[in-house]
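By letter and in written order, the chains are A, B, C, D and E; residue numbering begins at 1 in each of them.
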Amino acid sequence: MKIFKVEKTLVSTNRIAMMEHKPLLVVVEKDGGTPQVAVDPVGCKPGDWVLCVGSSAARDAVGTKGYPSDLTIVGIIDKWEVANHGNTPS
Amino acid sequence: MKIFKVEKTLVSTNRIAMMEHKPLLVVVEKDGGTPQVAVDPVGCKPGDWVLCVGSSAARDAVGTKGYPSDLTIVGIIDKWEVANHGNTPS
Amino acid sequence: MKIFKVEKTLVSTNRIAMMEHKPLLVVVEKDGGTPQVAVDPVGCKPGDWVLCVGSSAARDAVGTKGYPSDLTIVGIIDKWEVANHGNTPS
Amino acid sequence: MKIFKVEKTLVSTNRIAMMEHKPLLVVVEKDGGTPQVAVDPVGCKPGDWVLCVGSSAARDAVGTKGYPSDLTIVGIIDKWEVANHGNTPS
Amino acid sequence: MKIFKVEKTLVSTNRIAMMEHKPLLVVVEKDGGTPQVAVDPVGCKPGDWVLCVGSSAARDAVGTKGYPSDLTIVGIIDKWEVANHGNTPS
């Protein structure tokens, strides 16, 4: 699993039906990093450091059978301070 | 999921039968980036910023059982402006 | 899916039985790039620009149930000219 | 499989139910590298060099059907000394 | 599939039962490259250039149902000389 920081909600009105209305969040590995998008079944807010699962496990983690996700938030990290890794603590 | 910009349609006449006639679009993560090819079940046009799913979820997202895709467009982003990420707004 | 240029046939006499005698081609994303190997169910020749699928979809694309591929050619591109991407047209 | 060094335990109180209470460890490929998180069914301690499996195999390796992992520790390496690869021996 | 050079056997006494006693080999894409670990159902020796499959296909290629591998050797390359790719011939 990888560690990301939540930036904001992604708005995509025109999406395939299979995506339903689940919240999609823009996340980055570090400030200024390439943005990715994760499905959020936990309920996160901007600034949270979260744990995301990829690969085929991302589909099961959403909790809806057959949901087409390749990146899903599975937990909020209690405290993340890794200045030595180039990340900024929340 | 990752964010891409649609460039153009890819023409591949000689393809395996399993690929059918679904539209294939050339997409890039940013202008000048390495081109990838995504299946488009949504109906996008060049210049659109889109959300793409990879991994095994890409197959289900096409909506045709067993379709051999590893990158499928699942939504069009309403508005994408991330100059700070090095991407150009649509 | 990613775009590759076919370089040559790979010869591997001592292979697991599951690989059968299907043609394996050395492909590169651009001239001088890291070589990868793709299964070819289409019938390509050196110099062709091809579309390859990875992930679990690569297995189905071969057309033989349970074939252990993680990169399979699914189509030949009619015309590929992307000098601006650093690739050489075929 | 890839080789990682165990750094510490990750604390994530607010996680999806599917993650249960299995130990999650922060691991790095080399000192100062980007931290990733692996599920630990073996019982490792900080400083151990471990073998981790990714992709869909990470789910089976946990030993709990349907566990949403994309990186799971499958073994502790007896002795790892690869100064020539830029890693520090344990 | 990717091309690797076999370096040596990896010793991991404390491993999950699912890994059994199959040989695990340390492989590199080029001399000095980051070491990875592949399951070897073929019978390779140090110095061999081999073809490895990843993704979910790596599991089937081992030949044991449900084996948790994400990188498996599927063949030995007869002759590999690609000085132009930065690799050293065997």
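Here are some notes:
Following the convention adopted for this analysis, a contact is a pair of C-beta atoms (placed from the backbone, for glycine too) under 8 Å apart; a residue touches a chain by one contact, two chains touch by 3 or more.
Note that the coordinates shown come from a computational prediction; the quantities given were computed from them, not determined experimentally.
The chains that touch both chain A and chain C are B.
Between chain B and chain C, two chains of identical sequence, the interface residue sets overlap only in part, with shared numbers making up under half of the total. Inter-chain centre distance (chain D to chain E, centres taken as mean C-alpha positions): 20 Å. Between the Cα centres of chain B and chain D there is a gap of 32 Å. Across the assembly, chain B contributes residues 54-56, 58 that each touch 2 or more other chains.
Because contacts link each chain to exactly two others and close back on themselves, their graph is best described as a ring.
If you walk the ring beginning with chain D and heading to chain E next, you pass the chains as D, E, C, B, A. Interface residues of chain A, counted against chain B in their complex, comprise 10-16, 18-19, 24, 32-38, 54-56, 58-59, 66-71. By the touch criterion given at the top, residues 1-3, 29, 41-42, 51, 53-58, 60-61, 63, 72, 74-79, 82, 84-85 of chain E touch chain C in their complex.
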